[in-house]
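First comes the structure, then the notes that go with it.
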Amino acid sequence: MGANTFGSRFTLTSFGESHGTALGVVIDGCPAGVSFDEMILTKELERRRPGHHGSGQIVSGRQEADQAEILSGIFEGKTLGTPIAMIVRNQDARSQDYTQIKQQSRAGHADDMWKQKFGHSDHRGGGRSSGRETVSRVMAGAVAQMMLKQVCAPMKVIGYASQIGPLTLTAEEKAQVINKDIDSFQARFPSKNDQAVADLLKKAQEEGDSHGGVAEILITNPPAFLGQPVFHKLKSDLAQAFLSVGATNGFELGLGFESSSIKGTDFHGTREQSQYGGIRGGISTGENILLRVSFKPTSSILDVAKKGRHDPCIVTRAIPVLEAMTYLVLADHYLWSRTDRI
Amino acid sequence: MGANTFGSRFTLTSFGESHGTALGVVIDGCPAGVSFDEMILTKELERRRPGHHGSGQIVSGRQEADQAEILSGIFEGKTLGTPIAMIVRNQDARSQDYTQIKQQSRAGHADDMWKQKFGHSDHRGGGRSSGRETVSRVMAGAVAQMMLKQVCAPMKVIGYASQIGPLTLTAEEKAQVINKDIDSFQARFPSKNDQAVADLLKKAQEEGDSHGGVAEILITNPPAFLGQPVFHKLKSDLAQAFLSVGATNGFELGLGFESSSIKGTDFHGTREQSQYGGIRGGISTGENILLRVSFKPTSSILDVAKKGRHDPCIVTRAIPVLEAMTYLVLADHYLWSRTDRI
Amino acid sequence: MGANTFGSRFTLTSFGESHGTALGVVIDGCPAGVSFDEMILTKELERRRPGHHGSGQIVSGRQEADQAEILSGIFEGKTLGTPIAMIVRNQDARSQDYTQIKQQSRAGHADDMWKQKFGHSDHRGGGRSSGRETVSRVMAGAVAQMMLKQVCAPMKVIGYASQIGPLTLTAEEKAQVINKDIDSFQARFPSKNDQAVADLLKKAQEEGDSHGGVAEILITNPPAFLGQPVFHKLKSDLAQAFLSVGATNGFELGLGFESSSIKGTDFHGTREQSQYGGIRGGISTGENILLRVSFKPTSSILDVAKKGRHDPCIVTRAIPVLEAMTYLVLADHYLWSRTDRI
Amino acid sequence: MGANTFGSRFTLTSFGESHGTALGVVIDGCPAGVSFDEMILTKELERRRPGHHGSGQIVSGRQEADQAEILSGIFEGKTLGTPIAMIVRNQDARSQDYTQIKQQSRAGHADDMWKQKFGHSDHRGGGRSSGRETVSRVMAGAVAQMMLKQVCAPMKVIGYASQIGPLTLTAEEKAQVINKDIDSFQARFPSKNDQAVADLLKKAQEEGDSHGGVAEILITNPPAFLGQPVFHKLKSDLAQAFLSVGATNGFELGLGFESSSIKGTDFHGTREQSQYGGIRGGISTGENILLRVSFKPTSSILDVAKKGRHDPCIVTRAIPVLEAMTYLVLADHYLWSRTDRI
């Protein structure tokens, strides 16, 4: 299997350098007959784009157009069962910004590692270690979302920031997430502290600083019995999926690390089941699934080439990407579950 | 790919029910010419066994003999490049303990989920959702360890408990881990609080209670440049590997969730690099790698069949399993890296 | 993927050296709820065994007992959806016969190649290049057969020799194959020339000579629409499966090479469709599938270690193996087809 | 694994419908540092194109421009170790020719099967069952060729027609193949009967008829020890590769079916080794490899939409495709062999 392919039944192969000709993805294994809703694709790409909503001023200034072109796999509004290829061409490349990088390393960036590993790398804007690679994932995730909509209509995947730097959602704010329009908050942080977060990030950007944070993915009404023992438990594949996103360094299911200091009789002995996060024995129970992902502070602050253009916090932008990865894992396991029983 | 296969180049396929005939594993992709050191295999199986060291009294009373039988792939003390199959027969099955389970579900256990998913399950002792399945992983991990010893001799994989219930290692104790004989501590918790932990666990066992905890895996002197962009970053594959172990619900690399509240200038602006956990851009830097895994409190406290036999805390026993998974991921990526450059 | 794994949904991993401890196989991906019919397993192993039917005197004298032991995956007579592991221990190893081989190469045998490739090999009896490896395939094929019986009951897979050395079935004999008890013929050559073939092979064995031949696999009443475009056409996967069997050097679907000299108007312009061999565009049509496999003459005639024990013709013995590979490909594609449409 | 992905280490994923927006391919696993020679890519696409050489008048009239656009993976003339994506846009689609097909089935075409299997299909020009899909393979094969040139410089892959309808190469002509400029022959049939073949095909086209044939692939100076036991023998993977090409229905290695009537002492007892076809025990010996593929007569003669545009014989056009598949299998196994030994 290639390093750029993800999934076992619903698979995607991602390609493209951030300052190359195009980013793209090929989906293989999507069944025939899925209604292709281009609105979903457009919306998700728009949501991934920096500065797409109120948060324009607090994220990286790069303004990619990100117009998807569908190359194959769709005919008369439905999937054909053949590979679905989609690309987005790179326009605002500004690769001149990056010419000086060839000489000096971008400290804290993955570029160094890739360069030394492969002996040859595209120094312009991080090549494939750039966050721009996630365009491919968002396109694929949109198709997975279309498929799941058709077979698991009530399911919703809701991503939001639960922490940005020092600011965290309160318990009541978390409980209300399901009723909020997350994208209406400048940093996808659904809180009365919305403006405080915006101010925090603006200040960081001005000062050449950055913040880490935590994103949460809540899956409501998921299908039960997704996940395959033993190496492809639903939690394992989700952990892999999320940890494949740049700048991530932590993953939790349900209570996660917090559960390590709770006594078993307290943990298990309640009527409530949310401590399990909706997955038992690696398999979805049908209850809501709750996942958390931590991000380190953006490293591009160290980057001479990005003066004033860096993202002061990656979490807001990463949310549509994490949602995409969630849809992809669920789509893969949904198809996989079709062969559980004879 | 099958659900019970792990890895891309150095692959293992695990099989066996906890109360079936045998547990086993087939390794495919191990190169020819690896010296097979049966001592390592025996030692690791022994380390995985409940009650193997001082901790006898604080872990599950089941006393499996766990004698590995090598069925193929080894000849005259060296690997042949052919599949290496190994099995351990089940002896102390006590499946009579479990006959009542057929009628009543084991609340909190994965058994329910598996039963409903597949429509047919081996109710005896959890079948494949049992911790006993990890015997297969430990056998495979031992072979991965042998291979890595031959090519990355200075590398060490050190697992230990950093938290058990309310008790955590101090900063100084953590810093000393590398100089300690972890297995000499009753709960693999290398601390002056060794006895306090033992008392805590004994009390929990007597009271039918349990504790969660955190295990850490420290890899010293790892090879640099392991990990493949973009979906098989070293951190992604490690996260998948660890979250495939039962009762896990969290993963961290380096500072993990803690980094979410540290400013970028503080996080990145030091001489020290340990905050990154030894992996940058998804690729090992050659620095020490630090990984953390959280475990929920054992659910077997709820289990009528396990009166007085349950593990009051799974962390101690899980450590050899996490080490095995670490070796497996590293072995896979070591072989993979051989084709990075022409 | 490992080299010893076959299939995408219904996968098997084969292991074992011919003179090692055991041969075995792990099946992963077989759905739960398949009735496990041990009679089929026993019968197929028996059919693979040299000298199992009247042909005792004309095939290799090695008398393996070939008792399968089921290690996992079956409970109360049904598959669990977990990996099914089965082994056969080696008994009549006679490895002393092979000790001299360590010094002198077995000309014409694959041993040389494997030895040089891997730098280390099990010289005893060919190790994994031995025909004995096919025990694993036959065990897995038996399980595939059980699964298909449950979902495609009318289907039959009928293998027979259509040519042995200079002797070939007549057109009428071929047309009658479906009504014959193939195993009642000494060399699975369903012809009035049964005795002539037996005499031919006996003579070859006495003279230290051997013959090649052709096996045909006829699949009656196969499910339609099996096969996946473009690299996993049913014909491609069957070709791979058959050419993975030792001593094979040719494959045909339907008319095969003969069609190369027939004009298109003649080839396509008939009511009859058998020229296509039951597969169009790589997908099964539901019509009978006809496949042919050629075998070179046994090379073990050159083998000092096998004085008087060599098979004078491999075709007869290979038939249960080819049938097993056929079942495996069909089972894999049957499961795969479950995700063709949403 | 997806149905449109081929290979294990050097993998390609093919996409595109014949009358969709574009055909394309993503190569994953090509090492960094391979010199990208665009001339090879252009030349191979040109060689695949109908009517590219003298044979213009005897193959399908469709004149695709087939300009490859490289989307990723190449930087400053070398591969990056990242996925290499390439597309060719469809121009001369003439899909109006095909509108009537929606109503009436194209007898003898794979379209019917695909339509019924998936419940939805692109009826225009065969969609993905069209020969046009092979553009993707030829692009990927060109990159495999570049890589192999760098590491196995002396190797050559030479494809040619050895039979077209009733006309076959003589033994002397075959022996001279290595010294001929195959593309200078109108139908890639390197014979004094070049003109007779051209006349035969012209006549068939005029009469709405077609011919089958046989292509041979000769690999001179291949690396030794390529191929993996037991399911990925070099011959197995080549058989799968070739049988994945449309209209193929037979495969032979070395003497193939002819060997079935040769006595073992004659077959094995010569100084000459060419009867083995350069592969023993599934592994390349370093000797020349000879492979043969049979093709049924073109079915498009039955196709109302292709009046006067059908290929009277597919063999000539298929040769660059078979060569591409050969390079791909060799590249995959070359990389695989890097992990044979520790």
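Labels A, B, C and D are assigned to the chains in the order they are written; within every chain, residues are numbered from 1.
Methods note: a residue touches a chain if its C-beta (ideal position, glycine included) is under 8 Å from a C-beta of that chain, and two chains touch if they have at least 3 such contacts.
Since the structure is predicted, the reported quantities are computational estimates derived from the model, not experimental observations.
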{"item": "Least step count from subunit B to subunit C, where 1 means the two chains touch", "value": "1"}
{"item": "Winner on C-beta contact pairs when B-D is weighed against A-D", "value": "A-D"}
{"item": "Cα-centroid distance, subunit B relative to subunit D, in whole angstrom", "value": "47"}
{"item": "Centre-of-Cα separation between subunit B and subunit A, whole angstrom", "value": "27"}
{"item": "Where subunit A and subunit D are represented by their mean Cα positions, the distance between them in whole Å", "value": "39"}
{"item": "Per-residue overlap in subunit A, given as positions that touch at least 2 other chains", "value": "1, 3-5, 8, 14, 29, 32-33, 79, 81-82, 117-119, 128, 229, 340-341"}
{"item": "Residues of subunit C touching subunit D in the complex", "value": "1, 3-6, 8, 14, 107-114, 116-119, 128-129, 133, 163, 165-166, 204, 208-214, 224-225, 228-233, 235-244, 246, 248-257, 259-265, 267-268, 275-277, 280-283, 285, 292, 294-299, 301-302, 312, 336-337, 340-341"}
{"item": "Subunit A to subunit C touching residues, read off their complex", "value": "1, 9, 29, 31-34, 79, 81-82, 147, 150-151, 229, 335, 338-342"}
{"item": "Complex interface listing, subunit D residues touching subunit A", "value": "1-5, 8, 11, 13-17, 20-24, 26, 28-29, 32-33, 69-73, 75-76, 78-85, 87, 117-122, 127-128"}
